[in-house]
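Before we start, here is the structure in question, set down as structure tokens.
Note that the chains are named A, B, C and D in the order they appear, and that numbering of residues resets to 1 at the start of each chain.
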């Protein structure tokens, strides 16, 4: 898919995300979308932390949830009315997220007609260095429904 | 552990949760704590939904993250300075969470000295009926550190 | 589904399992099948152990793989040509499986038209006592294909 | 760790695997060991297949189980008596394993003192081409015990 072909997909996904009350509440941003790929990030502020000053695990899970679903959604057959639905994911925390910003990079490993398998890595950025703080593996259902993302 | 013995554990966990900026932002409540068990809930409001009016998957993951960790934390050896840390979890979404309230019930399946295995079920409550909307399986590390929960 | 209606399903699944070379090699048995449920077991012998005399984790995973898929398969719409395919599972080991026999009980938590969510618990039986040695959560795809199980 | 330092680790792990009855029954081979890495493979034969002639999912899970645990085991502090124990893993099947051989490559993503996070990819080799047939994410406990692997 070339850039021109992807532009309306990009716009449709951003419009759907803009309607997510929780996306606004958390304050996450879409950094990049491409076929099979989504990058989202979140700046540090007290409302997204846990009691020791690290990004809350639930915030990290939210980024993983959205980024993996969106990454699969970039490959949905929109003309055929296909949308995506998060079936499940598994998330390992590898180090405390104590940076100024966290970035979640989701990449489709295997696109499918019925379901897609997506990997996500979350990095904590601190003083110009990125450290892996979580890694995830997700299954996204490709459904015959008005595009969910 | 009898009720009197559990009272200070209950208080310590609630105090730790009160210091979570993200717990406040999301607006989740602790419904019940008991040895090996934690129940948390969240009322419907637009800020915790996705674009189709269902509770956001990331909100459900947040409840699972906190409730499973807390359930393991109720069994930490606090006198020995033991705390808990979320190692990983896996979450399956079983139906759209479209109710007025979601409730996450976490139960330790196998308490451990080094790690505990915890199950969580999330129910969407609608018109007096509870429907399973997610199920999860978590591994919580029991660590030698100032109690994290 | 009553017993008479389930009889041909039971027979079809057992026939499919009889054609699995690996089922024979491992020596696992089907203890029970019912709508949404499958129980399989394996007797202790040196060929299915690891180096410390416990049942090998890979043997436990095999039982989980087969029992969860079969549990979902009991609910497939066979007249419509529906079969099942293992999409993914997650498995926690909760204690060493050192008994004389292991038994895997799989139960569908949420049957679906497109995918089913199945839970499995594996017990190690020793001197008349059953101890939980593993717990799993699986996603089984319900596919339009000559019944795979 | 240089090659000379790794040689006794390599030998100890191969010796432990040689004592696994199930490793022999399945017929898997160790292709490569290195610090943080393990590669295992299995040739096609009828005893390791399911009823449609593909490698059985349980066989793939066995390779994932062993390779991820061994990959973490290469980094255990053997002089301090540290060993490894599989805590949990999650496994997604991405395509039918219909090749002549399957190869599981496990790589430690985050080594830890208490637990390590390991990724595994399983490829089906057919006519000189390798196709991803499964991907997995595992948590391996680093334990104070006579080295388990």
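We take it that contacts are C-beta pairs under 8 Å (C-beta built on N, C-alpha and C of every residue); 3 or more make two chains touch, one makes a residue touch a chain.
Remember, predicted model here, so these are calculated numbers, not experimental data.
K.L.:
Between A-D, C-D or A-C, which repeats the contact pattern of B-D in over half of its pairs?
P.N.:
Selected pair, repeating B-D: A-C.
K.L.:
Between A-B and B-C, name the chain pair that shares the greater number of C-beta pairs in contact.
P.N.:
Higher contact count goes to A-B.
K.L.:
Using CA atom averages as chain centres, what separation in Å is found between subunit A and subunit B?
P.N.:
That pair's centroid distance is 23 Å.
K.L.:
In angstrom, rounded to a whole number, how far apart do the mean CA points of subunit A and subunit C lie?
P.N.:
33
K.L.:
Between subunit B and subunit C, what is the gap in Å from one C-alpha centre to the other?
P.N.:
The computed centroid separation for subunit B versus subunit C comes out at 29 Å.
K.L.:
Can you tell me which residues of subunit B touch two or more of the remaining chains?
P.N.:
In subunit B, 87-88, 90, 92, 117, 139 touch at least two other chains.
K.L.:
Spell out the residues on subunit D that touch subunit C in their complex, using ranges where they run on.
P.N.:
Listed in rising order, the residues are 16-17, 19-26, 45-52, 56-59, 61-66, 69, 85-93, 148.
K.L.:
Looking at the complex, which residues from subunit B come into contact with subunit C?
P.N.:
It comes out as residues 90, 92, 94-95, 109-110, 117, 119, 132, 135-137, 139.
K.L.:
Considering only the defined contacts, which subunit B positions touch subunit D in the complex?
P.N.:
87-88, 90, 114-115, 117, 139, 141, 143
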